[in-house]
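Working notes, structure below.
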Amino acid sequence: MTRVAATIAAQDGRAISPAAAASDCPLTLQGITVSYGEKPAVFSVDAAFPANAMTAIIGPNGAGKSTMLKAALGVIPRLSGEVSVFGVPIEQARDRIAYVPQRASVDWDFPTTVIDVVQMGLYRKVGLIGRLSGAMTAQAKECLDRVGMADFAHRQIGQLSGGQQQRVFLARALAQDADLYLLDEPFAGVDAATERAIIDVLKLLKSNGKAVVAVHHDLSTVRDYFDHVFLINVRRVAEGPVETTFTTENLNATYGGRLGATHMAELEGVAS
Amino acid sequence: MNSFLDALLLNAGYNAALVAIGAGLLGFAAGSSGTFLFLRKRALVSDATAHATLPGVGIAFIIMVSMGYDGRNLIGLLLGSAVTAAIGLVIIEWIARRTRLAEDAAIGAVLGTFFGLGIVLLTIIQTMSSGRQAGLEGFLLGSTAGMLFQDAVVIAIGGSLAVFATWLMRRPMTLVAFDAEYAAAMGYNVRRIDLLMMGLVMAVTVIGLKLVGLILIVAMLIIPPVTARFWTDRSGRVVWIAGVVGGASGYMGAALSASASAMPTGPIIVLMAAAIFLFSLIFAPVRGVAAAVIRHHRFQRRVHRRQGLLSLSREEPIREKFTLRLLERDGLIRPDGVPTDKGRAQAAKVSRDERRWDVAREVHQDAGLTGRYDGLTPIEEVFTSDEIQEFDRRLGPPVAVGGLA
Amino acid sequence: MGADFVQFSLVPILIGIFASVACALPGNFLILRRQALIGDAISHVVLPGIIVAFLITGTVAAIPMMLGAAGAAVVAVVLIEAVKRLGGIEPGAAMGVIFTTLFAGGVLLLEQSDTSKVHLDVEHALMGNLESLIWFRTTGWESVLDPVALASIPHELPRMAAVCVLIIALVLTFWRWLKIATFDEGFAQALGIPAGALGFGLVITAAVAAVAAFDAVGSIIVIAMFICPPAAARLMTNQLATQVWWSVGFAILSAVLGYVFAGYGPLWFGSQNAVSAAGMIATVSGIILGLACLYGPHRSRVGVGREETA
């Protein structure tokens, strides 16, 4: 009986290793389904994002990358599935998660300044009416400094460039001082300098033992930036270390031939 | 009831018949021209337009009286209301374009300010010697009681003209409402058509003032298009259905109002339209709530059943209670969670389809086909039976789930 | 500024100020959330609410009427949300359907019921009766400290003041939540802040302000105060806290100037009769907004067009 089951599981290539589901896993998803109307955007996805690693969530447009992340956080409702963070339900672990939404998801004409936005990352800590202490303000400033935006603290957010906006969002996540960082398209539409600044910060987080999970769409940088990948196209396609999982075969299965031959050759070039 | 029938059949007097016909025509024009606003997602612009007519009514009255005419001349009052409504529209557009304020704030600001100014003017008129019986309050809620014959004629003619203008403008307006960029690419002047659209809405508002009042004329511009949207996805049809809904509520509402006392015309017309809306909201075949609820539940059960069977096929524990209840109810698992024979058979089928999909995605690496691998689409829907046979040939003989070969 | 002022003008001006501030405060957030017209919808459904309350209780007492109006506001908000979600209708149109229908129902009920005996009519609900709130037993400024005279002060004043204080307290308490959920709802939810409930609470708070204000000042002022002072304030600053202060200032200015113009303006033109104070307050608030649109230091968008230029 177990043998047959194991066979099926192996054929599916979908079994979750027991270690991955262990209680210290930063983020575990089980059977997450989200649908817009009658069409599943994400179907029955299982995932286990490892600690001490940077994971890229990869898939074509409309494959449910951001949807999965938002559903995991409870930002959008899911039809089914369970989420656990460091082995406990997400509600008990909100303090350990930092989130960077898509830059385009907010109104940048909102009347507020850069430092104000970064301090929003401290709101869980200070509560509704607790005073923001001097130490906390200093902490927010320090987070801005880490993304190279210290001089912009009192700038109106509407005056920032796209890359600067993204850095502010990252600084806000840093202010949350979490163990798990979830980023939705952090490199979308940012300049090269910002991309480097962001990746440096993220790599530093990883080396400090944090888990970083980012929705990512630039296949050419995956090998440089990440050490773990999660391939998705509505359903989970593959998950694992970049060396073994970020393969032509898996990419073809994910993108369904949508990647042109030249693009693939380019990727092969990066790989070698 | 008889008097209602009389009114419906236009036997309730010359005035009442004219008003009913005018209300029907106006309702048709309001419903169809409101559709363009609704499709442009600017439905509440009409609310501001309507409220912005009030100061115009007041100013027109004051001017007419000071020039020695009868201040109650309907055409004069309507002209005045059109002028301030147009000014209100221009201000909304200007605020939304030139300042950082969004259109909804601009609408609300114009609405509140113009209405406030209108009320100020009304209180001034009340204190004017000739204004005591001005009856301008009738413009707030509409009143057909004591309506002059010539007022009824104005409404009937105005309604006909509005319908004619809508018919004339239907093609460019539909195009702009549906896809403004495409219309621009085809060489239409979108801005001018937008202005015409607003002009038509303004005309309908002004004509409807005396009939339903400025607060409720908005309903005639919004409710019919929203109602029509439930019955069709085609913008061309929305226009006509909205027109029919508006026309029917206008005609029946005016008739009902004429046939009984304490039945104010405006509210009755609006409630007629609202009743049709409510019916559509619930019972419309595809977009209605009843259909949607049934569909959603069916879909949710489908997702959970499928996920449950996938878990069974992989011998993974099922954690979600809803999935467990569903599988148990369908006789796929026993109360203790162990799959029944039926459950095993279906899990085997699910597992087989999954493996067929694996092969299919290897064989057909084109997006159109494998993009449908979303967990719910049956493989038989995507591939022909001989293609599936080929997958099966590569897979080898079926494997049972749960040890029963 | 003598006894006449205290007797005839002090109470209406104070009520006007409290009502304007109570509406302007939630208005700041409604505008930033692109929900400015919720205030419009709420102010329309107040009328059916009070009529139903009157038909049920048979009295024109303040408390049942306010409960009726608040109930109608909640019903309207829930219905709008239902039409929006269930029917997949855009928010503006959903509002338009619901508030006009409820308003029509209210007018019909009013016509059908015999309310001629009581002081309950559409115009009152629209225009309020700010001018009639006279403090009869006052003898001048010294009455402000006289308990006997204070006991006869129009009851609208303490009620409006209490609601205003309540709304100030709510805004202060939930300031951080409101700010973050308005700016970035997804992030707020990820922090575990109940953003949905907060949004509903904001609308209910706006409804409470509208209901308390309508009795004294009518619906027009409510619509204008929800939008004009906060909108003008938005054009004065780029800081949320500063914006809220500006909006409070504009609301107070509108109330005072509006009342003064309505009461004394006609005298300057040689007329004996005052005009509607509520209408004038709304007009003044609109003029302030117009000036802010023309000259406000932060009137134009700055973020636009700089998306990809780094």
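Brief remarks on what is shown
In this document, chain identifiers A, B and C correspond to the written order of the chains, with residue numbering beginning at 1 in each.
Criterion: a contact is a pair of C-beta atoms (placed from the backbone, for glycine too) under 8 Å apart; a residue touches a chain by one contact, two chains touch by 3 or more.
Just so we're clear, the structure is a prediction, and the values are computed from it rather than from any experiment.
Chain B has its Cα centroid nearest to the centroid of all protein Cα atoms in the structure.
Chain pair with the most C-beta contact pairs: B-C.
When every chain is reduced to the mean of its CA atoms, the largest separation from subunit A belongs to C. Centre to centre, using the average C-alpha position, subunit A and subunit C are separated by 43 Å. If you average the Cα atoms of subunit B and of subunit C, the two centres end up 28 Å apart.
Taking the mean of the C-alpha atoms as each chain's centre, subunit A and subunit B sit 38 Å apart. Contacts with at least two other chains are made by residues 109 of subunit A.
In subunit C, the residues that touch at least two other chains are 234, 301-302.
Across the assembly, subunit B contributes 100 as residues in contact with two or more other chains. By the touch criterion stated above, subunit A contacts subunit B in their complex at residues 1-2, 4-5, 7-9, 11-15, 30-31, 33, 35, 38-40, 43-44, 60, 79-82, 109, 233-235, 252-253, 255-258.
Subunit C contributes residues 31, 34-37, 39-40, 44, 83, 86-90, 92-97, 100-101, 103-105, 107-108, 111-112, 122-123, 126-127, 220-221, 223-228, 231, 234-235, 262, 266, 271-276, 278-283, 285-287, 289, 293, 296, 298-302 to its touches with subunit B in the complex. Within the complex formed with subunit C, the subunit A residues making contact are 70, 73-75, 91, 94, 97, 99, 101, 105-113, 116-117, 120, 123-124, 126, 128-129, 156-164, 172, 182, 189-191, 193-194.
Partner subunit A is touched in their complex by these residues of subunit B: 100, 295, 299-300, 303-304, 306-307, 310-311, 313-315, 319-320, 322-323, 351, 354-355, 358, 361-362, 365-367, 369-371, 373-376, 399-403.
Subunit B contributes residues 38, 41-44, 46-47, 94-95, 98-102, 104-105, 107-120, 122-124, 127, 137, 140-141, 215-216, 218-219, 221-223, 225-226, 229-230, 262-264, 266-268, 270-271, 274, 277, 281, 287, 289, 292 to its touches with subunit C in the complex.
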